[in-house]
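Letters are used for the chains, namely A, B, C and D, taken in the order the chains are written, and counting of residues starts over at 1 for each.
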Amino acid sequence: MSEPVLSTHGLRKSFGALTATDNVSIDLRRGEIHAIIGPNGAGKTTLIAQISGSLASDAGRVELEGRDVTSLGTEARARAGLGRTFQISALAMEDTVFENVLLGAVGATSGAWALFRSVIHDRNLTDHAMQALERVGLAGAHRTRCADLSHGQRRQLEVAVALTLRPRLFVMDEPTAGLGAEGSRAMTAFLDGLRVEAPILLVEHDMDAVFALADRISVLVYGRIIATGTIDDIRASEEVREAYLGEPA
Amino acid sequence: MIGERYVNGAVLIGLIALPLWALSADEVFTITLTTRAAILALAAVGLNIALGIGGMVSFGHAVFFGLGGYAMGILAFHAQTFSPLDFGLFALPGTKSMPVIWLVATVVSAFAAWIIGLLSLRTAGVYFIMITLAFGQMFFYFAISWGAYGGEDGLSIYVRNSFVGLDTLMPIQFFGLCFALLCLALLLQWRLRRSPFGLALNAARQSTERVQSVGLNPRQLKLLAFVISGAITGVAGALFADLNRFVSPTMFSWQLSGELIILTIIGGVGRLMGPVIGAAIFITLEHWLGGLTDFWHVWLGTILLAIVLFWRGGVIGLLTGKEGPHV
Amino acid sequence: MQKILLTAAIAAMLATPALPETKVGMITTLSGGGAGLGIDVRDGFMLAIKQSGRDDIEVVIEDDQRKPDIAVQLADKMIQSEKVDVLTGIIWSNLAMAVVPSVTAQGKFYLSPNAGPSQLAGKGCHENYFNVAWQNDNLHEAAGAYANTAGYANSFIMAPNYPAGTDALNGYKRFFKGEVANEVYTQLGQTDYAAEISQIRASGADSVFFFLPGGMGISFLKQYADSGVDIPVVGPAFSFDQGILQAVGEAALGVVNTSQWNKDIDNPANAGFVESFQAEYGRLPSLYASQGFDTANLLISAVEAADVMNAAAFRDALRAADFDSTRGAFAFGTNHHPVQTIYVREVIREGDVFTNRIIGAALENHSDAYAVDCSM
Amino acid sequence: MRASRAEPGTGKRLMPSILIIEQILNGLQFGVMLFLMAAGLTLIFGVMGLINLAHGSLYMVGAFAAAWVAGATDSFILAMAAALAAAAAAGALTEILVIRRLYSAAHLDQVLATFALILIFSEGTRFVFGSFPLFLDVPQQLSGSILLPGGIQYPLYRLTLIGIGLLVALGLWLLTARTRIGIQIRAGENDREMIAALGVDITRLYTLVFALGAGLAGLAGALVGAIQSVQVGMGEPVLILAFVVIVIGGIGSIRGAFIGSILVGLTDTLGGVFLPEFFKLFMQSDAATQTGSALASMAVYILMGIVLIRCPTGLFGARA
């Protein structure tokens, strides 16, 4: 097996007395979707923040394609190829859908230090942005203000912005939340095809999506990984059953 | 509702038509008032880049206004007293040339904005408001006690500085200069807003995480915006000093920082012409209400309160029926 | 050139209606902090205009809000739009410095009812600039002279850290022959003087000189009286004026201060002024009111003697100062600043009202230190 | 007590330790008065998330009410009660009419609206009371100075101010830590919806907190008004210092406001006294006095800058 695209080693973060993540070591391999599941408050969002760099870890390391990025900030990790989508949309709500993907295109290509070039007259940028919108099926809504989008559309837009970055891997926090049955199926199908482009670390509550997509699953409970493996491994794990259902082993 | 483009055009036409009318009607003072409005508008265009696009509530923009003013005051003072400007190691002559003064004002205020921005952008929210206010107060008290250039008395420059080919003492010609610079700054803001930089800065105001997650550094974006903003306000300060032929520490006062914010809000924050409309209204109110009653501040306060509570988009928001960006 | 002037004069004569109007622009502080001074100057000035019964003097009054840039703007307005001939009214030195040079450079007259910055008395003096109050240093110099006669040998001196403050301390030191125990600059607008009072207590001085105009003086005097320090205090009239004395209260009682005017100066003009001011406005006149009143009377005397359109004649008429001043004798020095007697006053209580009475003269026929620099 | 003076001309001077202690007391007293202002500001920000620039106006309202009542009744106690009541009432009224519309608004809107309130309050007061300062004096019983151990002569009134300030600080601590209202206040700080869900009338609670903050400001205005000048605009310099205080202490933290007040009070007072003396060690006396005074007037702002650069949310700031 080739070297993992992403790996964490002993990540830990505590807020006062509360330990949100504890000794988390996971990896993400080329071509796979690795889902992280766990009950509410298990530390999933904290883990994502640590991996993407918006939260500094108390201990542990994060490596992207073998390179230690622990000391880098969010934007440096994004430039190193980490494409992230947010659970609670972090979109520029006053801007249009198109402007949001355009921002991704700017970040991925020229950077923002061109002060006088018109961004909408740059075909490279606009094509790049439009492509991403088309792929998630939002092209028709490109003039809509983000604030006027449905929750599901915001999820799609989050994914589209991440696509513009052409990342080496995706880190997605609940991309199917709020999509409804129909939308959820479409998003699942889309992500299914995406894994060949770049592997996905997926945090998800929707178990149907997880079982449909995940090559491997890690279960996070009280900040610790209690099991990692294929769907069948996890189904068979007594620890997981105990943690989830409270059944004694 | 009216398209914003038409509102913008009407404002510019009005701004140039009023002094031309005044010239023909021999209402010289109206020209002076319009010039004052244009200069305040220029200062507020600077602020608007930081405040309206970048979301930085700077309560210390008077620093740059004052620095521009003192750049003019000090250079012209040395020119009018024929004394060199002594830097210890070397000395430079003063100057009465406006372009040189503007250049110095730009550089000095950009540099100050860089330092202040570097330190202040470590904080956010209320803390940012307060630390910029603190920098304003530092400069204010320094200027008051800096005896070499007049301290609280300020510096009087007896003759307005010169610009090649123009008689700047003619009010209409000086207005023309100020108007041209205002248009230049508006053009700059318009281009900036449409550039990749403007797009990213505008996004940084709304969501820091979003900008970071596409690999851009919001703090650096904001810092550059703050520097550009400070530089423009600095040039406005130099013009303001030239309009009055006088500089004093009141140019550094927190009330002035407040007024710049106020007129930006009145016009419409983040809108291209917001500062211009705001300045026009502010000057009109000051002049007209001030003439009606000694207690005009009560009415100014009431109007301001009404705008904040009921017309969040400012005048442009009211005219176009579209709410502007939130800061 | 002369020919053009002549034609202009003839044209003016032909066009002139029966009464030549003199238009006066008054720029003064009527709102915000310090409005009391501007209001007094205005009221004194308008009282004199009213008493003269003249309808050929028109006064335009505007509020400068104590902001230099507003004052400059108003001066532009008065000249460009109102077309006034004479300007007056500014209270503060920094505003005067912003306005006066450009006003006189444009050929207008300026009569100062209060501020007298040194720059305008020395090298920057101008034939169209007349100061009817004092050169800024005058009252401080008088305080220094008084300190000598009172036998003080070691003074603690204090003023805010701005140019007028520096001038004040220099003015005092110019006449004071004793030693200076300590020289302290306070913050402009400072309200708490505990630290300075402690320094005074520890300084071993035998007298305190302070220049703290407006609210600063009120704060200092109240705190000083309460501190139990009993070193005698002397200061210029600004902190002991009618307007603020009531706010200081007993703390000021007996304090010695220097002034070119007081309501008990014994002459008919002054008696008439004090009585009519009280009748008109229902309060005792202040120093500033007397200055406004004198300024207006100087103007009226010049209007009576010459036409303002004839600048040279009008200037001569102003220079003659042929009016009954509330201060008694009044004359201008070579730099158009007053040559006058500066009195020593003491704060007393008359019934419920705190006021001053004259206890002697500090300097007689006093000019100023800058007149020699004025080449006029 | 005489200050010893070294060779004339050098301007060098020794600072007797008694003077230093006296200056520390002065700084303490100044700080304690700032605390009365800052406590209200920080409470209002902590609970309601509101920046209230008009807090200085309430300080002024307190001073004017006290001066007016003292003039009419000659009673200092009544004057203080009037100051508290007037400022609290003015605060409650403003809260009901204006402020409560601003809680969910952006900081910028709050700054502007409360700036507008300053204009209205200031000119309104001038309209009612005129442009001349009012008279308010230290009560007979508290005038004069007393001898402290160590031979320090110190004004009794200022000692009383220190005492009152410390009492208020203690009271506020008891209020927030021990009482039902305090628990509500602290809950409101953390979660508006939760407290509403608990069945507490949040609207009334907010009005109450605002009135409390306003009352404290009014009390400070009246207490200080007795030794200063009661005039329009008196609140603004104090307001800015109070903001410096709460920013240094961390906005929303009463403890931070207390420590910040003392720090600012001491820095301002001691800086004003010792910086000029410090510069006299190696500069001409005149120049040293001027430079030192200039630097002293900037000192608290420099302090604030340093604190914020080191801890961007103040010393006891809640959010990181």
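As a working rule, a residue touches a chain if its C-beta (ideal position, glycine included) is under 8 Å from a C-beta of that chain, and two chains touch if they have at least 3 such contacts.
Given the structure is predicted, the values throughout are model-derived calculations rather than measurements.
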Comparison of A-B and B-C by number of C-beta pairs in contact, larger one: A-B
Most remote chain, CA-based centroid, reference being chain B: A
Chain A-chain B separation of Cα centroids, rounded to whole Å: 43
Computed distance of Cα centres, chain D from chain A, in Å: 49
Whole-Å gap between the CA centroids of chain B and chain C: 36
Length of the line joining the C-alpha centres of chain A and chain C, rounded to whole Å: 74
Where chain D touches two or more other chains, by residue: 122-123, 126, 290, 293-294, 297
Junction residues of chain A, two or more chains touched: none
Contacts with 2+ other chains: residues of chain C: 31-32, 35, 161, 166, 185, 187-188
Inter-chain touch pairs (all): A-B, B-C, B-D, C-D
Chain C-touching residues of chain B, taken from the complex the two chains share: 27-30, 32-33, 36, 141, 144-145, 147, 150-154, 156, 158, 171, 240, 244-246, 248, 250-251, 290-291, 294-297
Footprint of chain D on chain B - complex, ascending: 51, 57, 59, 119, 122-127, 129-131, 133-135, 137-138, 141-142, 144-147, 254, 258, 261-262, 265, 269, 295-298, 300-302, 304-305, 307-309, 312, 326-327
Chain A-facing residues of chain B, complex: 191-192, 194-203, 206-207, 209-217, 221, 325-326
Parts of chain A lying in touch with chain B, wherever the complex brings them together: 52-54, 73-76, 78-79, 83-84, 86, 90-95, 99-100, 102-104, 106-108, 110-120, 125, 161-162, 164-165
Contact set on chain D toward chain C in their complex: 1-3, 5, 13, 16, 18-19, 22-23, 26-27, 29-30, 122-123, 126, 130-135, 137-138, 143-145, 153, 155, 157-158, 224, 226-234, 237-238, 269-270, 272-273, 276, 285-286, 289-290, 293-294, 296-297
